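First the structure, which I've put down as structure tokens, then a few questions once you've had a look.
Note that the chains take the letters A, B, C, D, E and F in the order they are written out, and that residue 1 is the start of every chain.
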Amino acid sequence: MDALIEKARVLVEALPYISKFRGRALVIKVGGRAMDEPAMREKLAEDLILLRWVGIDVVVVHGGGLQIGEMLSRLGILSRFAGGMRITDEPTMHVVEMVLGGAVNKELVRVIQGKGGRAVGLTGKDGGLALAKRLSSVGTEGVDPGLVGDVIRVDPTVLKRLAGEFIPVIAPIAVDEQGTTLNVNADPFAAKLAVALGAEKLVLLTDVQGVKDREGILIPTLHAQHARGLIASGIITGGMIPKVEYALSALHEGVAKVHIIDGRLEHALLLEIFTDRGVGTELVA
Amino acid sequence: MDALIEKARVLVEALPYISKFRGRALVIKVGGRAMDEPAMREKLAEDLILLRWVGIDVVVVHGGGLQIGEMLSRLGILSRFAGGMRITDEPTMHVVEMVLGGAVNKELVRVIQGKGGRAVGLTGKDGGLALAKRLSSVGTEGVDPGLVGDVIRVDPTVLKRLAGEFIPVIAPIAVDEQGTTLNVNADPFAAKLAVALGAEKLVLLTDVQGVKDREGILIPTLHAQHARGLIASGIITGGMIPKVEYALSALHEGVAKVHIIDGRLEHALLLEIFTDRGVGTELVA
Amino acid sequence: MDALIEKARVLVEALPYISKFRGRALVIKVGGRAMDEPAMREKLAEDLILLRWVGIDVVVVHGGGLQIGEMLSRLGILSRFAGGMRITDEPTMHVVEMVLGGAVNKELVRVIQGKGGRAVGLTGKDGGLALAKRLSSVGTEGVDPGLVGDVIRVDPTVLKRLAGEFIPVIAPIAVDEQGTTLNVNADPFAAKLAVALGAEKLVLLTDVQGVKDREGILIPTLHAQHARGLIASGIITGGMIPKVEYALSALHEGVAKVHIIDGRLEHALLLEIFTDRGVGTELVA
Amino acid sequence: MDALIEKARVLVEALPYISKFRGRALVIKVGGRAMDEPAMREKLAEDLILLRWVGIDVVVVHGGGLQIGEMLSRLGILSRFAGGMRITDEPTMHVVEMVLGGAVNKELVRVIQGKGGRAVGLTGKDGGLALAKRLSSVGTEGVDPGLVGDVIRVDPTVLKRLAGEFIPVIAPIAVDEQGTTLNVNADPFAAKLAVALGAEKLVLLTDVQGVKDREGILIPTLHAQHARGLIASGIITGGMIPKVEYALSALHEGVAKVHIIDGRLEHALLLEIFTDRGVGTELVA
Amino acid sequence: MDALIEKARVLVEALPYISKFRGRALVIKVGGRAMDEPAMREKLAEDLILLRWVGIDVVVVHGGGLQIGEMLSRLGILSRFAGGMRITDEPTMHVVEMVLGGAVNKELVRVIQGKGGRAVGLTGKDGGLALAKRLSSVGTEGVDPGLVGDVIRVDPTVLKRLAGEFIPVIAPIAVDEQGTTLNVNADPFAAKLAVALGAEKLVLLTDVQGVKDREGILIPTLHAQHARGLIASGIITGGMIPKVEYALSALHEGVAKVHIIDGRLEHALLLEIFTDRGVGTELVA
Amino acid sequence: MDALIEKARVLVEALPYISKFRGRALVIKVGGRAMDEPAMREKLAEDLILLRWVGIDVVVVHGGGLQIGEMLSRLGILSRFAGGMRITDEPTMHVVEMVLGGAVNKELVRVIQGKGGRAVGLTGKDGGLALAKRLSSVGTEGVDPGLVGDVIRVDPTVLKRLAGEFIPVIAPIAVDEQGTTLNVNADPFAAKLAVALGAEKLVLLTDVQGVKDREGILIPTLHAQHARGLIASGIITGGMIPKVEYALSALHEGVAKVHIIDGRLEHALLLEIFTDRGVGTELVA
């Protein structure tokens, strides 16, 4: 019985956090192990359902690089990258859309539904949710990335229709004004959604601990200006640079906080939202 | 960090229970130590808020015998009882209403609000919520209990107006057709509300462990017919007899389950709703 | 039959006044004989119901000094005042809340319901309606009044939920940020509500005829500047000073008119709202 | 001031009647002097507005025989009648529609709006409100009445759209399945509307005192069976026969009460609804 | 079958136009042959229904000069005009209202209903839709036109109640502040409605091709400034001058486009809205 | 201009059909060339948008056999069939879901959005739309089809949320009670949806003309009993047998009409809905 009471105490400890976020939008970019490993995916689904059921308007954006790469390889299509973006020709785009929108997306929906939640899987195409424009070049050498785009307008109508009951799970694919399907990086896609929805937080679930300082120690809270300095001085490097830049851009456009957290931790999302001890780096303006 | 993860696990363990009760009405009669002791009252408030925030339509009915007795004594008014009911003359009724509706009720509201919830305190008078008729006699000797009544009609309009957001906290006072204020026992008041609201459960928070068998061992689940037998054979005795009878009546009128649980346990309510191991006796039809 | 026709004529004479106030909020502070005497209270209830039923959003705030004093005296607690405010220690506050929220409030509700209206009794605690802060000192000598406060924020959500159907009857009790229960004077409590609700009128029912001039003649209409002059020149004196000051403050914050009327007149409220001849003093900006 | 208080008393005397009819539909057929004389029409408008503003769903059906006859005469078209119905050829129908729908209807609307109410004038054509079928013969001699019909279906959609705010004022004109415009007697038109709306009452405003007995004394309350007897025995005669028959038919189809009242009395409608002393004959099932 | 496919192609050609106007208000002044000839009226009704059913908020204002003139003549009342306006004394006003509101209006309603649409006929009196003030003089010689007015305020409440389902058909009659019924020219009445409703377009159906240039050639698109020039230089003459002036005024007050189109063409309205080739003159700011 | 008028005539010819189906649900199974060929797909999208915009609640279910077969072949997975169903092992199911939900579904959405409509692509998994159970055997020889299911319950909540604005486009994939993803034939999936939505019509777009009689002549209207006879007597053969059986089952469960039409005809859907001459076989109970 004491163990049970201890459990009840844990439940009520969440109250102040629930109070803070009820009725607010939370955009969560899920990727990496949290999404790719079945057992972790179930934990993630539980976290999402719990957030939804305590009244937080959770919106999920997912990546799927692993699954895309695997399918491209099975089909004998070469994967090429520039500046961290997949160079996307037409056959590749077809596979990207099929894998993200048909496999990864619906698998997340299935797991959430299986855990008792209600989820609806969408892409940026559905209901005209995301309009994009093609990137002319990526990377330092200015390579044409092909069918790769950036979200330039969000129409949240379809999300509003689903609100309050369903968790929208969104694959980062969009069309441009000409109706051409474009591949969009999940991080900036999520950032743009967070801005459009006036989200309280944008959370990026990753496979790293967070942003680290010169000594390799995790930085729990990072101010925008400091973050810019860390990039300039080469302490933030590699794939973390664009993540931090998307985060800074979201902060600049009005999102209050962006979290880069370690999705390899079980229930990382709950720990981040429902405890005082964060589980990664929190970026603030 | 492991401790935190353990906490997160506890949170998600609640999911199947939340799923089961979301959108359902739960009428909770609070009394005894759970309500009377400030520290316990805060725990109770936390439980109520959590239930409300995960989407359960919690309705609270409270007693207040202790506080009434104390105030009557301060005012030099003698407390008399018959058949477990307070014999209520006019001066007593005035004090009962003042204490229940003005002190106990608003204190519960204050604690819930202080913990971040939203509560509205009412009596059966407000919005014509409860119409009663006078009991002509109580107890085995048929004593006239004075201004004591039984709820004969519930108008849930005011509760519906508050639904979804506020926790209604109700003092068991009603008027009869003539507009006379009547004192109603909180247990049957809660039972009548549970029936009127089509509640999924009626929970009676008490200062005992639950219903016990001949050997004094707690009975976790008790069928209506068995309960009647235990009363007939004198195993259920004293103040537990009317409690069980109100429970049986609620079951008979369509409430699925009635729980008589031990409010002296911290977070008893959460333990009952959110774990498989109940914390008292569950009565079923 | 002629008498009946005459009555019908009276009914239709109200049309232009109904037309003017339909759909507007009217905050009415009731106190004194209009509330304390049972026969007058019934007349008051009729007035309130009629206003509610012709579509005016009536909100009632009540005092209860008489009943508080009486109960304190019965309990052997000394009543002390400074600057017109009751000095309120903890035992006093307990009694104030019990009497206002449990006795006076519910009695008004009972009478309105008995006359066929629908009323819900609240205090400033319910639904977080009124947040207050403690007054550090009152009166010219700067006495610490104890648990006495001033409303600093109104959350009208609970009133909106009840709107259109129920008459909210509100006891002027509030909590501060720390959750401490505070005693608030009914006049400024009503004034703050009127401002928060964008009320068309604030009506203060009193036991005097209204504001009088140097010759003791009732002033039917009083402009803010003139009122300030009357205070400065000592013509407005005693308990009328704070009343006029609350009125001026409400006018300043956007309430169009404040009426100080004579509640000792039968149906004073209807006379004020439904005839051209007011029954007291009307203050305008 | 005493006179004013007396007036206020009259207002509150209406409360029990308001309480009884709030939210209920009341279909009122207006005709005769109450409608034809400008001064009486203003009084009628006041009655209608007051009923609407205290929450009664007033629906008005009007006749206009006088005005039709006058216009036909100015145009040199002969008025012919059979069995109390106007024999309606095409030129007559054109005039009937023009006078009822364009002149009488809009004049009632104008007066109600002028008195501060909100009215919308319609005919049975508008929004497909009333579908009729042609009467093949009228009167004892079975004359073909031409373009005269009986309402066979009511579509209350347009009335529902206007409900709660506007007083619908309806000219008794309808179309049949072929789209032919038909003249309908206002009494049965109102009776059919009352049935379709589940009206609490149907009131027929006439230029007589009500139904009288053998001695010529007004019968205040008349049961259906008794009414049939009075027709059979020739005590009810002439134009009162069809009125009573329409009333009986409305009672039979579920309208609780039908009133045949004397519209020549000022404020007859208010007297009927808001006093215990009726002003004509009340027919009950 | 090929013919059918061709028909289907025509249907889908309308899609871009539907897309453009869905959910927007369109005020259409109908007059002349389109309204006066039964066969043309049926075509007009079909156009209106189609526009309504594809989601365009169609509002119809109609004239009726022909029918008014005819009825006045039958009644021996002389028609007089000044500056294009009918000089309207009381007997004339009575006829104007009867004919417009009772005959022409209800005939349009009947035809729309008969074609399967849903229409409600109103005048500016109904629901206080249009408030007017009397014109003191009209024409170059400043003749007093009598009961002739100009709309100075529109209350669209009644139109909002009917929106989405019903086509409002409005006769251009209004009252002034004194409740006097006034005759309003249908063109400026429609223009004022278009402004008040924030209409996308105002369409004036006439019996001419549109506005023509010096050579008598139809001008498809006419800018406001150019239009003013054409009036100044005497190229626009006669009855077209006020039409163009009302159009300019509507453009000035925010209506995006005004169309003066040839109602003698079958389905002129559909051609205008649903094809690229307009059927008259389009005026733009 | 005459050509334009002719076009307008075609538009209004659709009115009676619009009138008949407005506000009713229409479930359309699209497959074959209508969906597979880009030009035909655009025409189909136009038809769907037009139906949606005139107020018909269009719901689309699509197949995708061709695309699935192609992708399986590219991945070196063998396609096997039994009783017309694809034998679906896990690797096949993965491909089916990816192709249907990610490629075919989103392509239809893209085309509808590109034509100006609003579409949302879903599978039976989304929002728990379709619950299925595994088929134990298919075909005459009772082969185990693997991960193939039949819809046993439809939860239309997500469709209701999207109604009125969006065209739902649904890939026929579902989960069973254990959360296993199952492949469902699009025809019975559409039939079950039609029943659950109380659809007015179920339309199956195919690559054949419809059902033919012994002489190979198209049967325009086929009664259920006659259809059963044609199957029994071997006149309906091959893939048409299950189609007709699904149709009969939908008729039996309350769908009024099922149409098997020739999707190879341009705008076949519009021809079926908006003309008297059907374009295939209509099955009625």
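In the analysis below, a residue touches a chain if its C-beta (ideal position, glycine included) is under 8 Å from a C-beta of that chain, and two chains touch if they have at least 3 such contacts.
No experiment lies behind these values; they were computed from the predicted model shown.
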Inset, instruction - Could you work out how many touching-chain steps separate chain B from chain F at minimum? - result: 2
Inset, instruction - Mind listing the chains that sit against chain A and also against chain F? - result: none
Legend entry - Taking each chain's C-alpha mean as its centre, the one farthest from chain F: C
Inset, instruction - Can you spot which option in D-E, A-B or C-D is basically A-F again, with over half of the contact pairs the same by residue number? - result: D-E
Inset, instruction - Quick one: point me to the chain whose Cα centre is farthest from that of chain D. - result: A
Inset, instruction - Look at both sides of the chain A and chain B contact and report whether the same residue positions are involved, with over half shared, or different ones. - result: same
Legend entry - Whole-Å gap between the CA centroids of chain B and chain D: 54
Legend entry - CA centroid of chain E to CA centroid of chain F, Å: 45
Inset, instruction - Would you mind pulling out the distance in Å between where the CA atoms of chain C average out and where those of chain F do? - result: 67
Legend entry - Contacts with 2+ other chains: residues of chain D: none
Legend entry - Pairwise touch network: line, ring, star, complete, or other: ring
Inset, instruction - Enumerate the ring members one after another: first chain C, then chain D, then the rest in ring order. - result: C, D, E, F, A, B
Inset, instruction - Mind listing the chain C positions that touch chain D in their complex? - result: 1, 4-5, 7-16, 18-19, 22, 43, 46-47, 49-50, 53-55, 115-116, 265-267, 270-271, 274-275, 277, 279
Inset, instruction - Under the touch definition given earlier, write down the residues of chain B that touch chain C in their complex. - result: 71, 74-75, 94, 97-103, 105-106, 109-110, 113-114, 118-123, 125-128, 157-158, 161-162, 165-166, 173, 175, 179, 181
